Amino acid sequence: AKELHVAVATNFLGTMQQLAQNYQKSTGHQLLISSGSTGALYAQISNGAPFDLFFAADNQRPEKLEQQGLILTGSRFTYAQGVLVLWSSEDNLVDAKGEVLRHGQYEYLSIANPDNAPYGFAARQVLEVKGVWQTLEQQQRLIRASNIGQTYSQVASGAAAMGFIALAQARLEKKGSRWIPDASSYSPIMQQAVVLKTSSDPQLAQHFVSWLQQPSARRIIKNAGYYMPDVY
Amino acid sequence: MSLQLDFRIHRASFELNVQLQLPNKGVTVLFGRSGSGKTTLLRCIAGLEYQADGKLRFNNQIWQKKTFCLPVHQRPLGYVFQEASLFPHLNVLKNMQFGWQRVHENKRSVQFEEVVQLLGLGTLLNRYPSQLSGGQRQRVALGCALLTSPELLLMDEPMASLDSTSKADILPFLEMLKERLQLPVIYVTHSMDEVTRLADHLVYLQNGEVLAQGPLQQMLTDPDLPFISTGQASTVLQAQLKSSAITEDYLAELTVEGQRLFISQQDIPRNHLPRNKQLQTNTHLADTKPSGDAGSPIRVRVMARDVVLATSPPQQISLLNCLQVRVMDIRDDNNPSQSLVRLALGQQIMLARISRRSITRLGLKPDQQVYALIKGIALN
Amino acid sequence: MSLQLDFRIHRASFELNVQLQLPNKGVTVLFGRSGSGKTTLLRCIAGLEYQADGKLRFNNQIWQKKTFCLPVHQRPLGYVFQEASLFPHLNVLKNMQFGWQRVHENKRSVQFEEVVQLLGLGTLLNRYPSQLSGGQRQRVALGCALLTSPELLLMDEPMASLDSTSKADILPFLEMLKERLQLPVIYVTHSMDEVTRLADHLVYLQNGEVLAQGPLQQMLTDPDLPFISTGQASTVLQAQLKSSAITEDYLAELTVEGQRLFISQQDIPRNHLPRNKQLQTNTHLADTKPSGDAGSPIRVRVMARDVVLATSPPQQISLLNCLQVRVMDIRDDNNPSQSLVRLALGQQIMLARISRRSITRLGLKPDQQVYALIKGIALN
Amino acid sequence: MWSLTPADLSALWITVKLAVISTLLLILLCAPLAWWLAHSKSRARVIIEALVALPLVLPPTVMGFYLLLLLGPKGAVGGFLEQLGVGHLAFSFSGLVIGSMLFSLPFVVQPLQNAFSEAGGRVLEVAATLRASPWDSFIHVVLPLSRRGFITAGVLSFAHSLGEFGMILMIGGNIPGRTQVASIAIYNYVEAMDYQGAHQLSSILVLSSFTLLICIFALNRQAKVTQIH
Amino acid sequence: MWSLTPADLSALWITVKLAVISTLLLILLCAPLAWWLAHSKSRARVIIEALVALPLVLPPTVMGFYLLLLLGPKGAVGGFLEQLGVGHLAFSFSGLVIGSMLFSLPFVVQPLQNAFSEAGGRVLEVAATLRASPWDSFIHVVLPLSRRGFITAGVLSFAHSLGEFGMILMIGGNIPGRTQVASIAIYNYVEAMDYQGAHQLSSILVLSSFTLLICIFALNRQAKVTQIH
């Protein structure tokens, strides 16, 4: 059995661990998973990190790597599409239409930083559609976490009344109330992956990529809360 | 008796157990070998030994009892530590001002400039302690303590590392202070010279206990105490100074038990001078003849080794003072070639240390009347 | 002359400028007022003053010159600091072993137990410095320095805070060491007693400069130096000790310039005793009559205040020693009632301090032959 | 040459404000604690000493998370404050200050404790015999003699407050103009691959801290030279 | 009760290894530097003092980023080492140690410097007159007298190495079994919303550190009591 070194954006870590288990069961090969923020992983890869595969939380960083010629040509692909959800740990706070954003009695709303996190950027778009972005921003009620993991923590601790996180996270929570904005109200969150040029075993990496296309793998991803167009 | 104390301290290999009543004026000297507990006792009085168990009363004011202990900084005392201790971050001036500024103006009984001048610190005021010599540090520490205008002065070997000139400058000042401020002083020293010069009361400590204590005269001549067997063995005589007693040749005439005695004018303690002259130390007195009244009491020190005995009054010899005394007893001295003769001079006792050979040659016996010759300069 | 030194230091308000040649055995005492530079000079010799500019040669070995400075730890010296300085993290035993262990066994010239016993430290070995009294700390520091078996000993007021009993125990030990190890010692003290007892050579410092220096005798009687005007003014006489001179009454007979002098046996310096007795201090000599040979030279100290002058030899008086001397000159003393008489005793000079009145009464004049009476016990 | 955005400027300003306030508060509050630790003979001392070092052990983000639980509206402290009408502390500047203080606690307590241990003993006894009350001695003797410890405490706490961001991000919420500090801004630049912006802001932070530190150490040295310690 | 995954265990082990190694190395290397800072009269001293505190000023991730630039295969140091055949230092345990040391530098240098300043002067002169060479004095006099400083330095550096993760994540690459330390594992748990796992690992880290610290402080205290400092 061989070993594959995979760098994963933190929000996909849990799912990747599940995939890794299955992959090992079916092929015997092992995945060595390093997680981090997409930005940090990108910086590490540009500086020679010994990864075979990179699963980013966006499409921007993989594209950048492609431009820099750091990936195997044609290896960039979308492995999952993120679904944004407004979530609160309080049971009746969020209504089915998300009107709470406009009229609700809440103090803080947490989102991932729109400048560097795709979910944050999407959240901003939703807020703009709802027409509350400006107000929240002016009233300094908008919390910008470094990523949706942090947003989740802030909401879960009750410090922020609600926040925009990934459906993949909200799924794990039984409690609370949620609203899933219409996918058309924000540009799709394409989580892309690439095989790195410096990979020590490109063939195995390719093998894993094609294994991911199998329905069983895709189902795992979908069940985790990602939008997988082909499966629907 | 207004300093009443009773202290006990248990340490691994040392135990202090002291009950004392000390007079509320004059100098009490604590005497004893290294490690006998002198410093520890001073620290107890100052309130610095927290483990000390005991009572302390000063002038009807209770400083310590079972359940109560007056904090150190509220006790109106001055403490000169054995190892001169100054604030390293302050220069000499600020060190001296430290205590001075913390005493209310109305309560100040010494003058800043006076102390600075007397201790010869004028040129050092801007220095930091690390830039001072050992003796200079000691003088500054002395100044700091004096400048708090204390009502009780505790001094732990304050002159141990001073040269004799500095000592000669400072001793009269201390004598003056003690008289002028009616300030009780507790003084630790190993120097018999300082003892005989300053002490009124002597406490002899041994292994943390008071072996003996009492007025200076009595202690010095007590045959059971070690004072009489040191090379410095001395007696202190009570004399009267005549006001008209100043002679042409700078001698002063005293009376001791009805007999005449001459001492050098310079040795007359300052407090027998008019008040405004008290600060002039080291100036010859010739110009300012002392105005002590006929019977003003004065004490003179006679070292045992300075006394010469004769069976008939000698002639043609440079010994000014010749007293008629009676031999009380003759004892062996530590030094086997010497004997210690106790002499009765009226009510007072005087010691003479002379060689055994002289005892034999002169055939000295108890109760014999002899002449005690003392060199004029031996008195002070 | 084997310690040659030449140092200059500039400080804000003090300048040291000293050139000296010191003998390579015996004790050189540095004397001078507080702040005169004694400690600074010792530190220069030890190599501790980095700003010092100068030269230093010890026994043909160059310790310092323009471009070179032997590091302190390579200089075979022992230094007793003015403020007893011990390692706070080591107990007394380990403090004393510190230097001892760093000296090669073959180079050790003192015994550990000997030093411990002599300094009375036996019961203190397990204590930490913070648990010691001032005098105890000083004794430990002395022990630490001695235990390095130094070839040059620098001592800065090593006995300033010791009681007289401790001093009396330690002084003979130092005298013995100095003789036995032929060890040159540079010693700072303010005590005239220690000077006359220990010094062979005297250096008088004033404001960082050598005002005068020379053999003890010469320095003590030099009319231009302040020694003669202190209360402790003394002379040291060279005498010979007769081997057969031990009398029944514990006196020893000496010869000074052909005349007889008696001193107490106990005062005979230890080095005149058989070697195996040298460590027994404070024991009476009665049982161990000294075996000094007929002409063995010995020095005796005579304090000016202990000398009595007479124009005819007095009778019936307890003064053992009577020397025929010639009046050299008569000078005023600091004390206006006193005069200082310099007396010629053969080739040697002796001082006597007597009252002006006695001078007049006896009609003393230069060149007059008189009798100098000295109390036997005044010699040591 | 440098082009700082208004957000950068405001972040720098908040950073300085946070570092100064939390350092000052910390020194004020820790001095008594350090004094007690230096002089107490109580057995509890060892436990307190160990507790003081603990904030360092956990990763800042995690510490921040726990703090958020505590200070947020549902937390014990935050809830209590809320009831008092003060408002909870999460995502506020005050919360930031508290977090920052907690995180720099060991850097302040330990040097002060060491300094106070050295500055005790004999000089305090002398001060007492010169009529200085304990408080008076503390101000006029202990403080000046502990200068070095205070400088170390101040420098470490100040520098650490500048650089800390994990906890601050969590508890402060990165609200521009209120709780967005320079370290978060730099972090964001790095994440957003705007290395130019990151370099620029980093340089400003580093250079100005460097200048400040040099001034502090130079002054300290001067004070030492005149005293010839 | 506790169920640690093998990954947790390996992370804990790497954490301890990292903290111990970097603390020991740091103390060894910083002692001479601190000594020089405490005793030098050179003007450069002030600059070095300020430089030492700088690693604190930048956010750890950013520091990690710059270190990555330096130590990575394209960086000045990493490239040079690569050429030597040693291999660059990024994403290796050695790189982690270097990063961790750099980051704890001020916590070690400052307390040591303070301790050395106090332990100089007269005792060193005494030691020299008792034939101790400077090195001998340093070992037998300065070190024991600076015990407190060493403990502070060790404790701060150790605790800080435990909790640091921003820089370590960046430069170490979070490789399980090699550079994944406990703080990153906890961070991952929090990010992955496995609060149970986070609490558990946090508790282990906090409790064992607490025990260790108590032992250290208690020993230190005992040493002090026997010496009656």
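For clarity, chains are labelled A, B, C, D and E in written order, and residue numbers in each chain start from 1.
To be clear about the criterion, contacts are C-beta pairs under 8 Å (C-beta built on N, C-alpha and C of every residue); 3 or more make two chains touch, one makes a residue touch a chain.
Everything quoted here is computed from the prediction, not taken from an experiment.
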- Note on the structure: Chains adjacent to subunit B and to subunit C under the stated definition are none
- Farthest chain from subunit B, comparing Cα centres? A
- In terms of C-beta pairs in contact, which two chains are most connected? B-C
- Query: What is the chain whose Cα centroid lies farthest from the Cα centroid of subunit D?
  - Reply: C
- Note on the structure: Averaging C-alpha coordinates per chain, one finds the centres of subunit B and subunit E separated by a number of Å equal to 61
- Query: Which whole number of Å gives the spacing of the CA centres of subunit A and subunit D?
  - Reply: 35
- Message: Could you work out how far the Cα centre of subunit B sits from that of subunit D, in whole Å?
- Response: 57
- Multi-chain contacts in subunit A: which residues touch at least two other chains? 40, 43, 150, 153
- Query: So which stretches of subunit E touch two or more other chains?
  - Reply: 61, 65, 190, 229
- Item | For subunit C, residues contacting two or more additional chains | 83, 131
- If two chains touch, include that pair; go through all of them. A-D, A-E, B-C, B-D, C-E, D-E
- Message: For a test of understanding, state which residues of subunit E touch subunit C in their complex under the given definition.
- Response: 122-123, 125-134, 136-137, 140-141, 144-145, 227-229
- Mind pulling up the subunit A residues that touch subunit E in the complex? 5, 7, 10-11, 13-14, 32-36, 40, 43-44, 47-51, 147, 149-150, 152-153, 156, 169, 172-173
- For the subunit B and subunit C complex, residues of the former touching the latter: 11-13, 32-35, 38-40, 82-83, 123, 127, 131-136, 139, 156-157, 160-166, 190, 192, 230-232, 247, 249-251, 262, 264-266, 284-286, 305-306, 308-312, 314-320, 335-338, 352-362, 373, 375-378
- Item | In the complex with subunit D, residue positions of subunit A that touch it | 37-40, 42-43, 61, 64, 107-108, 110, 113, 115-117, 140-146, 150, 153-154, 157-160
- Interface residues, subunit D side, partner subunit E - complex: 45-47, 49-51, 53-54, 56-63, 65-66, 106-107, 110-111, 114-115, 117-118, 148-149, 152, 155-156, 159-160, 162-166, 183-184, 186-187, 190, 198, 202, 205-206, 209-210, 213-214, 217-218, 221, 229
